[in-house]
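Please go over the structures that come below.
Across the two complexes that follow, chain A remains constant while its partner is chain B and subsequently chain C.
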Partner chain A sequence: MHRECKINVHEDNDLATIEVLGDLTASAEKAIGTAYQKACGYNAKNILLKFDGKSRINSAGIAIVINMVIESQEKGCKVFIAGVSKHFRKIFELVGLTKYTTIVDSEEEVRKL
Partner chain B sequence: MTATNKEVIELFVPSRLDFEQVAVDAAASLARLMGFSDDRVEDLMTAVGEACINAIEHGNQENSNVKVLVELIADDSKLQVDVHDQGKGIPRNIQKPDIDAKIARKQSPRGWGLFLIQSLMDEVEFDWNPETGGVTRMVIHLKQ
Partner chain C sequence: MSNVIQSEAEESETEYIHDGEQTEDALARRVYHLNTLYELNQEISTLRNVHEVLEASLLYIIGVFGLRRVLIAIYKNDELHPRRLVYRGMRKDTATRFLKQLEPHLKATSVRVVCVAQDATSPSYPSPLGRGKDEGSELAKLLKDNQFCVWLPLEVDEQTWGGIVLGEKLSETAFTEDDLELLSTIAINIQNVLSNVSLIEALNQSVIKETRIRNVFQRYAPEAIINEVLNPSNEELLLGESEAVRRMFEQMIAQLEEQHVLEQDLNWAHRVQEYLLPNQSPQIPNIGIAARSIPARGVCGDFYDFISLNPYEVAFSLADIAGKGMSAAMIATMLQSATRLCVGSYYPIPAILSILNRFMFRHTETTRYATMFYGQVNAQERTLTYSNAGHTPGIFCRDGKIQLLEIGGSFVGIFEQCSYEQETIELHPNDALVIYSDGVTDAGATPEAPNPEDGFGQERLEATIVANASLPANALLDAISDEVTRYASGNKLFDDITMIVMKVE
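Moving on, here comes the complex of A and B:
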């Protein structure tokens, strides 16, 4: 069905990165939630949600990102998004998530900001 | 493929989440055969997925005894996708999603499905009939 979502979390120099391999749909919610809590545990200033370039997102996935943005704002963290397809970016722009997240080309780009 | 005449494909999809992907993949395959661009195929995939999820979750209440009927209707100029369920149609008083309100916790973070369908398709119609149930009708045109 959807591509199974595999998630890795790591932290380096105030940037907690959640790597998402697969689609961001309702079935990924629990895994993403667990990964996000782990990322928050690093107390990093920035959170990067890094996709694999092929990931798709649906309405449930949008809700997952919104919840992440809300929690991050409350913690004073910024949310960055990387590795998204042209269509993924279009969906983010349509719903207005580009107002609350920053889409970047790479992890390195976040470090330079 | 050149669909010189109207061609109709019917799929009966179980009312279980994730099975919407079967309809998504079928719609994408047909759209590619018809010559739609990759961008339009992506739009279609998202819209069909959302319509099917609505039909499974809200229309058929995830009742495994009831199927979602997906009709793919192709002709020379357009692809129409009708997603039928046995629910009561789309409520008229549905709140328009607002990202600012959602971030401020004034709206549920969910509720983007209809917005995505309407934003990505060329024509959208929601209909309901007491005998046949609800239908989401989506059209994309080849030359737009």
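Moving on, here comes the complex of A and C:
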């Protein structure tokens, strides 16, 4: 069952967080793009893409994450990903995303880095 | 000494775990690929605009292979098919310049796939040019000069409409034959959708054009002429043809849309299943093998498969997924892929079923499960070893007597942990073995009131096998099929029928 994607953006102490609630699929591309532009506007050093732990991310959703990670890399900004299940960690690894981003367990973990 | 033994045992356990992890990786990758095919097909089948189809396809391709740069172009560029270009990871001028350079080469080539390695010096990044043409072609050189790795044409009605161009993977690994196979299947899906969507778009354009002419006419034509034309007695005469064309277009669009979605789903599932079914039965000395699968609804929730382990030994499986139609077919495809990967790893039979059980449990809804008969037949040792995971008992016939093959365990995918047992049977000349799905014994019952007693039934099946046990495998399979078809005549099949027959010579 597809869960509608809702996105929140906030910034705290040099970390811009894009919170993704629901499933990440092609239909979320525009909303994620807008959220990403907002996150970049904070000029934070790090961006955290935070899923809700139950999010399903299909190939189109992974493409959205890839585009964001690459754009951030070009801007010299580091992207962290939190709240993904073991299964999606594996998929991120298989498609090579883990070479360009760090997967963490929680927002607190990024703040400690 | 005991330390050495313990260390060797630990090493062996580590190797086993490592093998298991590699199998899990391969399974996860295969499931991810199949899900991508399914979801891409679902998504683009609902779209009615070429640009949207290309944009959606682009995203799925980036995501499934993990790519930085991708370009999809349609350059047919006639009245009905204007030029289109979608891309990621590059600037617009780069994409259009590359496309311009690409076009003359494409007109001069009949290459299906071109795949080049960007890093020619690295042995870890070889070029899998198995199905493509030479790396030295102009097209390959152009790809390489522009840091692209793969070119795949999009062909509709035997004409090249455009193509897909892929850059390097983020993982910095080479494109494999499996990747190119997947990309080809994705391209076939896109081609089918493009063919229909282009037609729908063209028809829509015609309707819009016709409506626009009518509006302009009503707005600007002299009043006298409008009165003349729109006079009810003349309208039929003067606008009749135009109106009829518009109505025809609208009807055609509605029909095309409906047909398009249904056909896409079925075609996709057919293609994946055909791609996975064995082309022919395996050949091993002194044991004849035959198999058949008849889907009840265009796609099949059963599958059978053979994997040759060595010149004398074949692994075989027959499974039946709970449920019917597209969703069951999708899970059948997934389970079949997973089975092939496990068998390739040479696990013991109970371990294979345990892995498949856990895989099904983790990757499908809780209500989804399969029954499965898995076995290995060895012509040199003349043995059959099998395990039955909740499937209809295999029927083993020797000298007119029947033995049911029931040793095994529970369904695959119901519980996270399940253990299975296996049985080995020594084979004698003229022994016959029939593995079948319950569609065989249910054939003849009606879907409205599926009473098993109305079906062909196990007793009739056993009797047919005993009566024809002297025949070779192919003829025995035909005899059973004929008997089942004769019994069920007049009643449409409501469950898939799948059988594997083996006969010791």
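Odds and ends about this structure:
Quick note on the criterion: the second predicted complex is superposed on the first by the 112 of 113 C-alpha atoms of A that agree within 3 Å, B and C clash if a C-alpha of one lies under 4 Å from a C-alpha of the other, contacts with A are read in each partner's own complex, and residues count from 1 in each chain.
Assume a residue touches a chain if its C-beta (ideal position, glycine included) is under 8 Å from a C-beta of that chain, and two chains touch if they have at least 3 such contacts.
Predicted model, so just to flag it, every value in this text is computed and none were measured.
When the two complexes are overlaid on their common chain A, residue A:Lys99 makes contact with chain B and with chain C alike. Contacts of A:His87 after superposition: both chain B and chain C are touched.
When both complexes are overlaid on chain A, the residue A:Glu29 reaches chain C alone and has no touch with chain B.
When the two complexes are laid over each other on chain A, chain A has residues 26, 58-60, 62-64, 66-67, 70, 87, 90-91, 94-97, 99-100 in contact with both chain B and chain C.
Of all residues in chain C, only 24-25, 28-29, 32, 35-36, 39-40, 43, 56, 58-68, 88-89, 169-173, 362 touch chain A in the complex they form. By the touch criterion stated above, chain A contacts chain C in their complex at residues 25-26, 29, 58-64, 66-67, 70, 87, 90-91, 94-97, 99-100.
If you check the complex, the residues on chain A that touch chain B are 1-2, 26-27, 56, 58-60, 62-64, 66-67, 69-70, 73, 85-87, 90-91, 94-97, 99-100.
Residues 17-19, 21, 39, 42-43, 45-46, 49-50, 53, 97, 99-100, 102-103, 105, 108-113, 115-116, 119-120 of chain B touch chain A in their complex.
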